[in-house]
Structures are given as structure tokens and as C-alpha cells.
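Pasting in a structure now, in C-alpha cells, and then I'll have a few things to ask.
Note that the chains take the letters A, B, C, D, E and F in the order they are written out, and that residue 1 is the start of every chain.
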Amino acid sequence: MIDIWALVLGLLLLFVVGAMIRLWLGPTSADRAVALDAVNTITVCAIIVFGVAFNETVFVDVAIVYALLSFVGTLWLARYIGGDL
Amino acid sequence: MIELAIHILLVTGLVISACMVWYMDDLISAAIAFGAFSFLLSLEFLVLQAPDVAIAEAGIGAGLTTAIFVIAIRGTDKKGGDASD
Amino acid sequence: MIRYLLTFICAFCTYLVLTAGSGEIGLWSAFEIGAGVIIALVVAAASTKWFCPSTDYRMANPLRWILLGIYICIPFFLEIIRANIDVAIRIITGNINPGIVKVNPGLKTGFGQLIFASSVTLTPGTLTLEANEKTGAFYIHMLSVPQDMVKKKTVDAADIFSYFKIHEWVRRIAE
Amino acid sequence: MKNILQAGILAVCAVAFLVAGLGLSFGTPAYTDMDDYMLLHGQEETGSNNIVSGVVFDYRGFDTLGEATVLFTVVLGAGLVFRRLGKKEDEYEYE
Amino acid sequence: MALDILVVICIGIGLLAIGLGVVGILRFPDVYTRLHAETKMTTLGAIFICLAVILTEGGVYLATKDVGHIILMLHTLLALAALGFTNALSAHAIGRAAYRSGIRPELSVVDRLKEVKSDD
Amino acid sequence: MSMSNLVRSGANILMPFILVFGFYIVVHGHLSPGGGFQGGAVIATAIVLLMVAYSCDEVCTSLSKNILKNSETLGLLLFIGTALFALTAGLAFFGNWILDTGPLFATPVAFGINPGNLNTGGIVPVLNIAVGIEVLGAMGLLILAMLGGMKGDGDAE
């Protein structure tokens, strides 16, 4: 079963690299923020998959920390981009 | 084999985002790229079986570092920046 | 006082979910429960002012939470799947026709507006751009605007969803 | 032209780094005497299941004390630097 | 055996959705349409991958009766709830900020928000 | 001018859960990965979430700066006090004087790989809580000071 999860993890990381192209190309800061949002969603998925592959509840805790806290970073970026900081 | 591919993909993403931090002319884009770097670094720590450091990186890198960077960029930009007009 | 009690109960339940499977009293050990009570007291003292800002106990009714669970499991999930098939087809074919329309579902409370905005953002080709707190009007970016919506000043809320009347569900849950 | 040159240098550096990184094997330190001791006796001597926490707060308590003091000093310095910008002259926040 | 097939189907749907989302943010022309692709597709992918995880852990629990798998299921559910809740809100925040920073949707056939701004 | 009311409602709902999660990481520092620094950073992020959703003044009126200052000082004092108290028990500085003696944090630990009991660990959980309180105060104060300084600087807007 671990092979399936490793395959899923590899594909998710491939998608992260794909989203990073938009992070490089994006003409405005808002495009880059969108790419960052995609990267963090995929990263949370990857951490959950990693926790299941090694059967560790602790890794899923890291995923919860990320899912809750990346919101705060995105809000700061949005507040700067919107120009009302 | 698949673990090697995962390592290569992760390190590729890390190198791309780290180069992006250096390459970007726009400061807020560099901050966004640093956010992506922080996400991938935490995942790399998880792959290397160090969940303690991963939680520390998640807690600091996701929310607080982005906040400090954004506040610093906004605070040093006295003209109001090109984002607000 | 009731505000503090509600925040305490929410925090305590979250802590119990996080530490399930640690002992013999139910699923928890005695020290976990003690630590949970202390932590929930601290959290209630710190965050009641934001978690329960008013003396409006409408959401304390457990029936509304059961309805929220049913809403997330059945209509919301089906709408998400349908919306994603739609967006996937548009990604592949590149056939888009975007625009910003105005919708007024007539929701008054903040929680209802929050659920409606989240539903709109996650379901059919739409994205909440701006919300007016007083009038309850939402400005929605649609991936593909149908022809009959271009003329109308305010679009009917039932038109942007396909199978279920989401705004009716939200009104039943939150108001 | 300069951008293309920079991107080329970046690509060469990335490829070189990856090729060098393929030969490494992660997770096998050369000398393992100290961590063997901590892994064998740490749970017994500090009473904590998480060995990292035991090391940080028991074996290396002084280091953590230094870290806490550094953090305190950082906040003190930041408060002193930003105090004059935001506050009135007669209002002292950090003393 | 049937559970394994179900898990593989869920993983397939999730990976397909996330991949299409990434293709969408590479392919669409402006910020708002990219936000559509990113938010919806990656959230659906996360939902289906978490569903696969939950199904797997449930199957392992039924086979071994170990409570740890139930705990992993609960934590995955919490992570999924946090992810869905914050994704929708951060998409709204980015879209609003992009509109306020002056990026107009160029292709749009109708723009009711601009009329409101001009009235103020 | 700050975020929309939807973001405010979301931040209101999210805040106690982030706090509970941070305290969970702090209290379980000796059982699962995590600990004082990490949990303190998570709790500080909850305060930072309030600062981004509301303006700085609104946060400052309801969440006094003195609370953060006192929590930082209290954490550092608790840390040094716990370490110093070991001297009265005849141990070295930072000696584990609670281990296997009293009612609180003193159950003998079970050896091997096990999920663990909260009531073990001696001074390790106490130091965890102390560092958690300190980091929470420190990080909150840092960002509050930076925001306050920036606001005074940009008088032109």
C-alpha cells in the first residue's frame, strides 16, 4: 500500500512544481498570491498523504497547523495587495 | 526509486523558489516566493523524518514571517507604493 | 455568562477530538480531561469577545448544527462535484465568458452571509468578490455568464445554482 | 539579454546542485555515539516520550535559557526601535 | 478488495482534479479566472484525497481493531474542515484585493461592481 | 479601512480553534512532536490573525498590551524559577526535581514506543508551558510594535 501513497506524493510534488511556474511567470502580485494558495493546498494534501503512508498521526497535525496558519499569511498578502494596510 | 524521485522533485521546487526570491525585482513577489519556499522546506523536513522542526517551520513560516515581511515592506515604502493607486 | 459557556463548550469539544484515544474514561484519561478544562477556560477568557460578539444565541441550537451537517454532506457536496465538472470542461476547452453580477439573497446575519459566500465561492463557476454588509448584496464573478443574466440589474439567487436552492438552505440554517 | 543570462546561470546552478545531491544519502550521520546514548537513556532519564523535547529542555536546558533570553532581547530592541515612531515623546512603553 | 478499488478511484479523481487545477492556473487569462480554477479544483482534490485516506484507515481499523487509525481519521477530518473553510475565505480575500488594486477583468461581458464604485 | 466583514466573521470563528490547537501543541510537548516554541508561535498567530482582520487600534483597545508584556515576563520568570528550584532539592541547575516524586507530572514513564501519558515528564512539561507563554507574548509584542511604528510613520494617508 505504501507504493500507492508514494506515487501519489510524487504526483502531488510534480503539481507543486507546475504551480511554481505560475509563481515565476505571474504578471501581477495577485497572480503570484493565487499560485501560492495553490501551492499550500497541494502541500497540505501531500502532508496528509505522507502521514498515512507512514501511519503517523503527528504528521497530520502538521497538516492542520498549515491549513490554519497559511490563511493568515494569505490574508496579510491580500491586505497589502489591496492597498489598505 | 520513487523515493529518489520525490527527493529530486522536492529539491527542485526548493531550488526554484529560492532562486525566485533572489530573482524577483518586486519585493512583495519575493515575499510570496519565500512563503512557497517555507512550505516546501517544511515538507522536506517531514520527508527527512523530523516532525519537530517541521512544526516549527510551519508555525513560524506560514503566518509570522509573511506578516513581518509584509509589514516591513509596507513600512519602508513611504510613498504608498504602486499597489495603492 | 452564556457567551463564555458557549465558547468553553466549543473549545472543550475541539480539545477532546484532538486527544481522543488516550485513556479509559470513554476514550480519554483523567488528566487529559483536566487539562482540557483548564485550556478551555483560558481560551474562553481570551476569545469570547470575538467568538460570541453579540448576545444572539441563534446558533447555539444543536438542531441548526445537524442541519448544517446535512447541508454540507448532501446539497453542497453534489453542487461542488457538478461545479467542478463544469470548470474542468471549461479548463480543457478554454470556452469562458466571464462577468461580474449582483445577487441579493436577503441574508442578514454575519454567519449566514459567511456560509453563503463560502458556498458561492466553492460551487458553480462563481466567486464572491465583494459583500455589502448592510444590504446583504453580493457581487459575484461568474466564469460563464448566461445571456439572460447580462441584462438584469440584480440576478435572482436561485438562478446561479443548478439543483438545490442554496440560499433557502442557508436561511433555514442561520436565520 | 541580461535576464536570459541570469536565467541560464540559475538553470546551470540548479542542475549542478541536483547532480551533486543525487550522490548524497540522507539520514545516515557519520558518528552516532551521542545520539545512541540519548536514544537509549533519554526516555528513562528525562521522563518524556518525545526525545527532542527531553534533549531541548533537560540535557540542553542552558541553551534553551539562552534562546529565551535572546527572544526577550529581540522584543526589547524592536520595542525600543519602533517606540519613537509610533508614540508620543512622553509615553514610554518598554523600560 | 472492493475497498481498495474505491480508494484507488478516489485517489484518481483527486489527482485528476488537482492536476486540472494546476493546468487551469497556467492556462486561464486573468486573476479572477485563475482563482476559479485554483479554489474549486484543488479543494475538490483535497476532499477526495482525504476521502481516500479515511476509507483506507477505516478498512485497516476493521481489520486490526487498533484505535490509532480512528484517531488518524479524526485528525484528517479536522484538517479537511480547516482546509475547506480557509480556502474559500482566502480566495474571496485575494479576489477582493485584486479588484481594489485596480486589476479589471478585461474579458468580462458585464461588470456590476464598477457601476457601484462609480456611484460612490 | 480593513478587510471585509466576511473575513472578519471567519477570523472570529477560527480564532478559538487556533488557540486550542496551540495549547494542545504546548501541553503535549513531551509526548508528541511540538513543544513550547512551536505552540507559542501558533498561539501568537491567532493574535496576528486578529490584527489582520481588524485594524491595529481595535485590537489594542480590547487586547491590552500589558497582557502580552506580563505574559512574556511571567514565562521567563517561570522558566528560571523552575530551573532554580532544583537547587533547593539538592540537584544541579535544571535538575529534574519533579520526576517520580509528586502528584503532578510525576507518574513513572512507560518505556518503549507508546503514545504516552500526560502525567509524566517532570519539569519538561512545566518548562514547555513557560516557553510557550514567553514566545506567545514575545511574538505578539513584536508584530504589535512593528504595526504601531508603521502606523505612526505613514501619517500622509
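In the analysis below, a residue touches a chain if its C-beta (ideal position, glycine included) is under 8 Å from a C-beta of that chain, and two chains touch if they have at least 3 such contacts.
Predicted model, so just to flag it, every value in this text is computed and none were measured.
A.B. asks: Minimal path length between subunit D and subunit F through chains that touch?
C.D. replies: 1
A.B. asks: Using the touch rule from the top, work out which pair, C-E or B-F, shares more C-beta pairs.
C.D. replies: Counting C-beta pairs in contact, C-E comes out ahead.
A.B. asks: Taking CA centroids for every chain, report which one is farthest away from subunit B.
C.D. replies: With centres defined by C-alpha atoms, farthest from subunit B sits C.
A.B. asks: Using mean C-alpha positions as chain centres, tell me how far subunit C is from subunit F in Å, no decimals.
C.D. replies: Using C-alpha averages as centres, the distance is 30 Å.
A.B. asks: In whole angstrom, how far does the Cα centroid of subunit A sit from the Cα centroid of subunit C?
C.D. replies: 22
A.B. asks: Between subunit B and subunit D, what is the gap in Å from one C-alpha centre to the other?
C.D. replies: Centres of subunit B and subunit D (C-alpha means) sit 15 Å apart.
A.B. asks: What whole-Å value do you get for the distance between subunit A and subunit F if each is reduced to the mean of its CA atoms?
C.D. replies: For subunit A versus subunit F, the centre distance works out to 26 Å.
A.B. asks: At least two other chains touched by the same residue of subunit A: list those residues.
C.D. replies: Subunit A, residues with two or more chain partners: 33, 35, 58, 61, 64-65, 68-72, 75-79, 81-84.
A.B. asks: Give me the residues of subunit C that touch two or more other chains.
C.D. replies: 18, 21, 117, 128, 130
A.B. asks: Indicate the residues of subunit F shared as contacts by at least two other chains.
C.D. replies: Touching at least two other chains: 3-4, 6-7, 10-11, 14, 17, 21, 25, 32-35, 37, 42, 45, 48-49, 52, 115, 142, 146, 149-150, 153.
A.B. asks: List the residues on subunit E that touch subunit C in their complex, please.
C.D. replies: It comes out as residues 17, 20, 23-24, 27-28, 32-33, 35-37, 39-41, 43-44, 47, 67-68, 70-71, 74-75, 78, 84-85, 87-89, 91-92, 95-96, 99, 105, 107-114, 116.
A.B. asks: Going by the contact rule at the top, pick out the subunit B residues touching subunit A in the complex.
C.D. replies: Of all residues in subunit B, those touching subunit A are 2-3, 5-6, 9-10, 12-13, 16-17, 20, 26, 28-29, 31-33, 35-36, 39-40, 42-43, 46-47, 51, 54-55, 58-59, 62-63, 65-67, 70-71, 73-74, 80-81, 83-85.
A.B. asks: Could you list, by residue number, the parts of subunit D that touch subunit B in their complex?
C.D. replies: So the residues of subunit D in touch with subunit B come to 6, 10, 13-14, 17-18, 21-22, 26-27, 50, 52-53.
A.B. asks: In the complex formed with subunit E, which residues of subunit A make contact?
C.D. replies: Checking each residue of subunit A against subunit E gives 1, 4, 8, 11-12, 15, 18-19, 21-22, 28, 30-31, 33-35, 37-38, 41-42, 44-45, 48-49, 51-52, 55, 57, 60-61, 63-64, 67-68, 70-71, 74-75, 77-79, 81-84.
A.B. asks: If we count contacts the way the header does, which residues on subunit F are in touch with subunit B in the complex?
C.D. replies: 25, 33-35, 37-39, 41-42, 44-45, 48-49, 51-52, 139, 142-143, 146-147, 149-150, 153-154, 156-157
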